[in-house]
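Before we start, here is the structure in question, set down as structure tokens.
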Amino acid sequence: MIRKTVADAQEALRGVQDGMTFMLGGFGLCGIPENAIAELVQLGIKDITCISNNAGVDDFGLGLLLQKKQIRKMISSYVGENDEFERQMLSGELDVELTPQGTLAEKCRAAQAGFPAFYTPAGYGTEVAEGKETREFNGKMYVLEYAYKSDFSFVKAWKGDEAGNLVFKGTARNFNPCMCGASDITVAEVEELLPAGSLDPNEIHIPGIFIQRIFQGTLYEKRIEQRTVRKRD
Amino acid sequence: MIRKTVADAQEALRGVQDGMTFMLGGFGLCGIPENAIAELVQLGIKDITCISNNAGVDDFGLGLLLQKKQIRKMISSYVGENDEFERQMLSGELDVELTPQGTLAEKCRAAQAGFPAFYTPAGYGTEVAEGKETREFNGKMYVLEYAYKSDFSFVKAWKGDEAGNLVFKGTARNFNPCMCGASDITVAEVEELLPAGSLDPNEIHIPGIFIQRIFQGTLYEKRIEQRTVRKRD
Amino acid sequence: MLDKNGIAKRIAREVKDGYYVNLGIGIPTLVANFVRSDISVEFQSENGVLGMGPFPYEGEEDPDIINAGKQTITTLPGASFFDSATSFGMIRGQHVDLTILGAMEVAENGDIANWKIPGKMVKGMGGAMDLVASAENIIVAMMHTNKAGKSKLLKRCTLPLTGVGCVKKIVTNLAVLEVTDQGFKLLERAPGISLEAIKEATEGILIVQDEVPEMEI
Amino acid sequence: MLDKNGIAKRIAREVKDGYYVNLGIGIPTLVANFVRSDISVEFQSENGVLGMGPFPYEGEEDPDIINAGKQTITTLPGASFFDSATSFGMIRGQHVDLTILGAMEVAENGDIANWKIPGKMVKGMGGAMDLVASAENIIVAMMHTNKAGKSKLLKRCTLPLTGVGCVKKIVTNLAVLEVTDQGFKLLERAPGISLEAIKEATEGILIVQDEVPEMEI
């Protein structure tokens, strides 16, 4: 068994530098790598390019990095719910590249699985496809999209083991599995870090081969964006 | 919940016809859809094209269909361990298309996920790439391979539920998940068929949306090809 | 004239037994409330869940279980969770039978715009571009006119497109329309709405054949 | 001259701490037996397992747990199972650090042939084409000559190729060689094997610089 455990976020983020490109898991505030984000704020790393489906909210998630103006460019599919984001984008401080959500997921998965590029119908005929190669297959038009290249992936899982194997919970899974192994270094933070052999090999969502460093995160806030409930009858 | 359960192999295979193309899961004899194969033998369907990593052994797996000369064409990555296969191939009775194993898996996954084609480095510069489009990305050469089109996928899982959700065991998983939803109709046979709600939604390997029919198989032989053991100390 | 619930109620009648359905944010979300209880339907949310149930009871919200609108949800028996690549595999691979989404504009050729107002609003397309480019069966749920009273059913979209030639059916507060090669074909009128009112609110070509019945909802 | 176990033993020294390794059928499989016990290594098998252990004890064979050679195996703590597309994602994505496989022929330009003898044997390439096209670090384990005594280290392969320009290192019963732009560079001799014997058994260009030490195994 190849051990991937590191002590904490500080050790896990060793090597991050200004100007790097990061992939960050999560959908909205669900399943985001809270500890890695906090450490990036702490380190004050600047001029970051972030590949992440969303940009957090004003005071949580990637919003924390936006507040400190650490992000130079966001690559996302949806960036609503964030006034500071909008302000920086409209003022030109922040570069924003909007990408269809399925394309974003597959650009990560392509990087993970060694595909240089892929054809998707999403965005054909729209400004997203401007300047991109297109091609017809079976009478339908597709756009050629390229795999992302990035320096670090920061993902969040529910349970993990020393070998780097990961299990996710509910919809906190989202982009996290696709980003594992899609960067030079993948850092996984987990709510519960277990000895190797604790997880059933059948139930592992992401094998440890895709992970370089794993640590047990602390103080998860798991903020809810839209608390919707129904009354008991 | 959308029910996918059918009574047995007979009902599950309704609609299969001479000349059709089938995907069949399994690696060697591990994780093969034994009940579906037995039913295809029973029905005497002819001129089949089979997409399957292997072709079984003389008297088991797809070998049973070869014995009865029901297969017109095999698309596989490895076809050793089968004398009747070799005889039919050399005599020209059987058409054989050999495909790199990773390409085979991805041609199934592409069909499942709506990708018309993909670029892989496998086979570049070999006879497998003859007549195929090639392209350079980042200084490396890739071959354009197309998604398979097929009529039925026959897969075998360990546990399944009424909604068609599947869980596989060990290396009996192999090609089975990639073939789900990759044909017009996907038929899953399982060792244990459970009521909806019995499987933890986190632990489902293949969601039921990819499955049209599911049934509990019977009399699994699970033959071992290479029984390798060590002595107790 | 229908309200949002009325539109959702009418669309719910398009949901057939055995359908997997993806519901967009806004009016489409309401459709789930009106689907007949005697048919089997599963709702997919592109953030990675199939078999969505109702909102949780107070105090039972799980931050790890949300829909694409970031709302806390529950799951029903037979549900499953999966990653984003698999989720869009379902969508791109046309395993989802029906997609219902909102729009800012729809053109008579089936083009749709719903993600950007240049210089004003840029929230992003989310999964909408994947959904409209892949789905075989797309229904748009929207008001017939915008807040300024201008038609949203146009000859050509003026806003940046989400997808081209993809919309099949539109249900508005005034009418049900089908997108055909010739333009918007009027199928049904909302209760009490005249043909004239619909004509006036529709900028694109409106095709009216025979009697146009009132909706049943 | 080394026997098969000797070749495997020498190759085992190329396996470094922290490596994920894919072992082909035949001699490569034996390598697992000789890897130092004080380093951490995980074996991947392309049919969908990472963290392979030894063969099971008699009576404990599980037909659902095999390796790519269809042999019954066990798994070690930290193991995982996955599907074939994910497995080749690991391989294509270069997450596997070292690939060791057999060959029928290797050429001085790094080409390899190991899947087909026209008119005689066509078992198929299995995962070999994916492995050699993707891996950054490929070691070939084979006899230096074939049964007829002909060299298997050639100027050009005569059999249908498995991959082009991909082999980096070769360990045979006679020698350890590196594939360079100039040809096969002789790195080590098997115990008791003369330079002359290696030259005679090598059809391709053999580069001999300085003293060539005997292998340590």
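Structural remarks
Which chain is which? They are A, B, C and D, in the order written, and residues in each are numbered from 1.
Following the convention adopted for this analysis, a contact is a pair of C-beta atoms (placed from the backbone, for glycine too) under 8 Å apart; a residue touches a chain by one contact, two chains touch by 3 or more.
Predicted, not measured: the structure shown is a model, and the values here were computed from it.
If you take subunit B and subunit D together, the chains in touch with both are A. With chains reduced to the mean position of their C-alpha atoms, the one farthest from subunit D is C. Computed from the mean C-alpha positions, the centre of subunit C lies at a distance of 56 Å from the centre of subunit D. Rounded to a whole number, the gap between the C-alpha centres of subunit A and subunit D is 36 angstrom. The distance from the centre of subunit A to the centre of subunit B, each centre being the mean of the chain's C-alpha atoms, comes to 33 Å. Looking at subunit A, residues 109, 114-115, 120-121, 168-170, 201-202 sit in touch with two or more other chains.
Touching two or more other chains at once are residues 49, 81-82, 85, 88, 91-92, 134 of subunit D. If you draw each protein chain as a dot and join the dots that touch, the picture is not a line, a loop, a star, or fully joined; it has some other shape. Working note: touching chain pairs come out as A-B, A-C, A-D, B-C, B-D. Against subunit D, the residues of subunit A that register as touching in their complex are 1-3, 109, 111-115, 161-163, 165, 181, 195-197, 201-202, 204, 207-210. Per the touch definition, subunit D reaches subunit A in the complex via residues 18, 20, 40-42, 44, 49-51, 75-82, 85-86, 88-96, 134. Taken in their complex, subunit B has these residues touching subunit D: 27-31, 53, 76-81, 86, 89, 96, 98, 100-106, 108-109, 120-128, 158, 168-178, 205, 222-232. Across the interface of their complex, subunit A is touched by residues 45-49, 54-73, 81-85, 87-88, 91-92, 111, 122-130, 133-134, 160-165 of subunit C. The touching residues of subunit B, counted against subunit A in their complex, run 114-121, 137-138, 140, 142, 167-170, 201-203.
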